[in-house]
């Protein structure tokens, strides 16, 4: 263990993927000294910018033809890039806010299981009003 | 290892976390028969709804006080839930579009390394204009 | 006309509606001393919050049934409130940034007329790719 | 009056600016036969796309330097175009949903006056939690 700096030594659990991606993003940012620009509000706006680019790819596509349209490899690649940009800013924002997003998402999903009992909600989706 | 309850056999690599979360979300949706509501445009709007809830937590916080504000455990918990909601819809949207988001995000990050050479971009962040 | 209580004298053009709404919002904000909170980034996040609430009303509605659904008076009233919230933050953000949004929107529309010549674009809408 | 098709004949009230802009946008869309693409969900995503472009202009600007930055005429022109794009899709969405946005915004503002009594809310802004 003494000379083992890896996050995946034989005696430790491997680094979870979300934590690993978060670390890679942090290293990318630190290497460029961009952290001073990336306060939470700035990152939230950057996230919105990427969500906007994602929305633009979908906006005029007929609702029932969207899955088929993005089955095309070049288009799937393109929308995968936009989805990735959203993920990157989301992970970065969570990191800056000190949130461990993997466990947080698991907890949230467990809460949804309790809140939306399958037998009560089968076939109807909760609507905001 | 013989009574391994995991979905991965001892001879396979463990399921990556993003794929696992995606699968758990898919099972949640399928159990409730919500898939017919969740075409890509509907999911994109749901994602926007969650990004909006995240934005509301940050909107009036002073930019340089946001990290400190969310260091409070109850507030960190709260914003972690909103970040998780965004992640859940993002993973679901990627799944419906056939995008494997873990590898896609890694590729995108590799592209950013090539595009933003550290020595050229140190201390300044690319601005949209 | 002699006892005209309007802010416009009989010899001036009446205040355009967008400028008037902008002024009413500014007075509302000033009366509560909220201006110090409302820097442009904070207002942009507030705008995103309202866009998110609008998206939530539309997210699970079938695409081809949305107009009919909101023909119901209570639902039209409800979505009208969300659209209004978006407008209010948009006008406020423009005001803080020194943009006169009525003329700006007219200019933008004139630009769109030049850019999307009707005979070339009839029946097809420009797609982002 | 007999040959006067104008919305501003001497005997009628002039067309309010928001209704006029809405009409101009509708004519622009109809001339290009784009209405079939512009169901409410598609327009909501287009609105999100424009909000994203607006966010990108603000994302890395220091919060307390944004007003000064956009005092520059070229930058003010640029952000005015993005604000206008948001307004255009907002007015179009309201139109498609049958909402008269001028009166709706006035009503909403009147509601905010009742809800946020100035003497109670002076100097503090309501926070989402």
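By letter and in written order, the chains are A, B, C and D; residue numbering begins at 1 in each of them.
One rule holds in what follows: a contact is a pair of C-beta atoms (placed from the backbone, for glycine too) under 8 Å apart; a residue touches a chain by one contact, two chains touch by 3 or more.
Per UniProt, the chains are A, B, C, D = Nucleotide pyrophosphohydrolase.
Here the structure is a predicted model, which is why all the values come from computation and not from measurement.
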item: Chain D and chain A - chains in contact with each; value: B, C
item: Same vs different contact residues, chain C with chain D, by half of numbers used; value: same
item: Averaged-CA centre spacing for the pair chain C and chain A, given as whole angstrom; value: 30
item: Centre-to-centre distance between chain D and chain C (centres being mean Cα positions), rounded to whole Å; value: 2
item: Contacts with 2+ other chains: residues of chain C; value: 37, 39, 41-42, 44-45, 48-49, 51, 53, 55-56, 58-60, 63-64, 125, 128
item: Complex contact set, residues of chain C against chain A; value: 41-42, 44-45, 48, 53, 56-57, 59-60, 62-64, 75, 78, 125, 127-129
item: Footprint of chain C on chain D - complex, ascending; value: 14, 16-18, 21, 24-25, 28, 31-34, 37, 39-42, 44, 47-49, 51, 54-55, 58, 61, 63-64, 66-67, 70-71, 76, 79-81, 83-88, 90, 93-94, 96-102, 104-109, 112-113, 116, 118, 121-123, 125, 128
item: Residues of chain D defined as touching chain A within the complex; value: 37, 39, 41-42, 45-46, 48-53, 55-56, 58-60, 63
